[in-house]
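By written order: A, B and C. Residues from 1 in each chain.
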């Protein structure tokens, strides 16, 4: 079998995804909250409506596409799509055979149109017979609980939530409404809001990394706080969030964590923060609202990152970061300073090729 | 539901944690192995003893708190706690209404007092009826085996150990006494000591990353060693430890690994090492005793890190590190040299703002 | 119990590994595809054949060992092994009592010999009674499906594949022949080739990290692509591979990913790429064939890495990398330039000890 060739390119393979529609231009424009512009060449729209979505290079005359990244602008000029969602700046690049939806937020509009055509699987109410549910658990009858899930004593799960296969929810955890907990998740010592999404394999609520040095070695310090996930939080696959040691570890409403992120005990994260894959935040550090932490960045403990600050990829943050600051590098510094340093060092090193060549060669061999 | 506001601040919510006590000052002092100093204003201690622990800002007159980090010293001066655990240096900052326990190890003392008030859940002896246990497995009758656990042929588990829900222990693995294995752990090809703690989702004993280049592509090299975890080892959530290829991968007694750590095949780690979250150690590297590897550091393979050496966060170690050395940076260098380099480069770059500005700006846009 | 001392050193403990043989020198030479050289001192080979493999320092006269790394050359001169596999360059270092197998690919030869002595556990055909298998799943009768595995609707699994305990394979996923899926794996929205190996805890096919900024916060963008794993792909423990958003995420045939790797949505990886532990590749980035990404490296999205390029450990790649280039550093630069920069900066900093000492000391305390 050649897996790579066995699938047509293009999104939303019907074997894997639900499909709705077709929808006419008016319905699509409404979902997109965008301004409709008919084809410049005056042709009629597809009589049965638009049937689906597709990337610019694959879309046909009854499909909808979008442009969000100027790297791909030439694809727009050559598309056969019947309808495209674009920003005003690209309106004049839309081919004449093609209708347009013009919006200042094309990616958001695309997202809503895509969801209209491909809704999420609804919760299939009921507890799978193989699940292990404590008699004191309070699970709303509209919830779906998957095979081999384990729901502990006094757990409470709100209406419409879905608990994936093999997920373990330990004693006394509460979840709000319309949550989607993937498979193989561990949740303990946690209070979870509404509409929270947790992807497979996330570990939430385990012991933080706390120990004291005793005469016979390290002694574990009891970790007596919880994890609090606000409404609309999303947690990536295999991400780990330790519970607090004394206070709680808090992920503020609307914040999104990618895969393989590490959140130490007592971290306080504000609203709508973004933490990209493989970043790590050490214990007791505070993120104010709307902070972005890029991939593989690391923050030491006990510092504060101001509102709307942005921490670059692989950045090593050892001290507080001011509100709205952009930092990168290890140790962290302003973006401009970092790239200036890089440029200056490059220039100096090039000036002295004779003197440094030999030592550089030597180091080279170490790798 | 607003999850963030639904919980009172403060540790050890009784829904989630066991609670013991109250305890009188003498019992607390004994657990803390600290010197008791009565309140300076001469007031009586709480008649019924101390009821629990709390952070300085929340503790009441029948609660115990502590100070370990001088950042929070003003909280001590304003606390309402009835008893505080502090180092001698802070003894004169203890408010007059407040008793004190003076010790050179306040964090250790706090840890023991906290454990006295909030003991761990004891093992609930017995195998859950949903667990899948091989007939040849030898599980001590005092062990707790959780729902859906899978225990393979010839596995041996010592007295008092707890195996979490969904944990898979493959054929012939042995565990010592009083181990705590969390949920969703995979253990294969491993020999585990006493009192070992493994947090959820850790993967221990799988194939190392070993392959040879053959004429048709890579060929897997059989990985024929084991993983050996010494007594009192602790392994974090979603951490991965590959088994040895020829020799064993060894984590020495008392060592502690945080979450999302990667340990390659044949790594030999000594006693009481610390490896913080998201650090990675490549194959066949040796850590002597008491080595600390900070978060997100990476070590190449086949090197040796000397006793008590400390490797800083995000450090990239490409060669041996001497005993007691402190290194940081990528490539690794002594702490002082690293920060000196940072300072010198900053000064040079600032001196030449005109010449470098344009190139810095250009690079800036790449992000 | 002292776990560290309870095991003899040496590979392939029979409690954990299958064992075959003994094999005579001819059979071993054939498996190794190497040239046999009898012992220089003329002694006879073991009459019953060679019984197993062992490292140079432990092997006896009826065992086989190998040398691949010149660091360990003195071990060869002192070995008691009866037969060693070595490259031509080491042929004259083989002790006189010892036969040799000479090959330009000693590691590959060793691998094949080791596999001959220690074959993989064959698939034990059958579905474990505790597994939860949808009636529409099409599982070849030669497959092994472990305890508590969950196989969804319309899943198809080819001949000879092994599905580990607790693994979840969601609706419509297809797997080819002779795959080995470890325990606790999650597979959804995926098409998997033949002979694919997935280690425990890998998460494959979950939602990518895609969201648009809406008026009330982030809105999830539907992720409508799949994950495609080519033939002979190997995926490490707790690694995460997100499915595509519009196109598919593709891992090309023969590529190998280590543990804790993150692959973002829409990544296109060519044939025989290597991605070492804790590296991360952001969305829509393209790796051509034979690319190597070393440990903890990070690549931003929407870039292209040329054929046979090598990205060093901890490297931060922000732009395209040419075919066959070797880059390292953050931001990425050619190997030689990186080590030259390091050397130049070190020299400059040493020249100015007086002026920089104070600032360096100050920074030092921040850690």
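Details
The rule is short, and it goes like this: contacts are C-beta pairs under 8 Å (C-beta built on N, C-alpha and C of every residue); 3 or more make two chains touch, one makes a residue touch a chain.
Quantities reported herein were computed from a predicted structural model and do not represent experimental measurements.
At the interface between subunit A and subunit C, under half of the residue numbers appear on both sides, which makes the contact a different-residue one. Put simply, subunit A has to spin 120° for its C-alpha atoms to lie on subunit B, with the angle rounded to a multiple of 5. Centroids built from CA atoms put subunit C at 27 Å from subunit A. Contacts with at least two other chains are made by residues 148, 166, 184, 201, 238, 253, 260, 278, 296, 300, 314, 318, 330-331, 342, 345, 348, 363, 367 of subunit B.
On the side of subunit B, the complex with subunit C involves touching residues 132, 148, 150, 154, 158, 166, 168, 170-172, 174, 176-177, 184, 186, 189, 191-194, 201, 203, 206-207, 209-214, 217-222, 224-226, 228-231, 238, 240, 242, 244-248, 250, 252-253, 260, 262, 264, 278, 280, 282, 296, 298, 300, 302, 312, 314, 316, 318, 328, 330-331, 333, 335-337, 339-345, 347-348, 363, 366-367. Considering their complex, residues 1-4, 6-7, 9-13, 15-17, 53-55, 69, 71, 105, 107-108, 110-112, 114-115, 118, 128, 130, 146-148, 164-166, 182-184, 197, 199-201, 232, 234, 236-238, 253-254, 256, 258-260, 271-272, 274, 276-278, 295-296, 300, 313-314, 318-319, 330-331, 342, 345-346, 348-349, 352-353, 355-357, 359-361, 363-364, 367 of subunit B touch subunit A.
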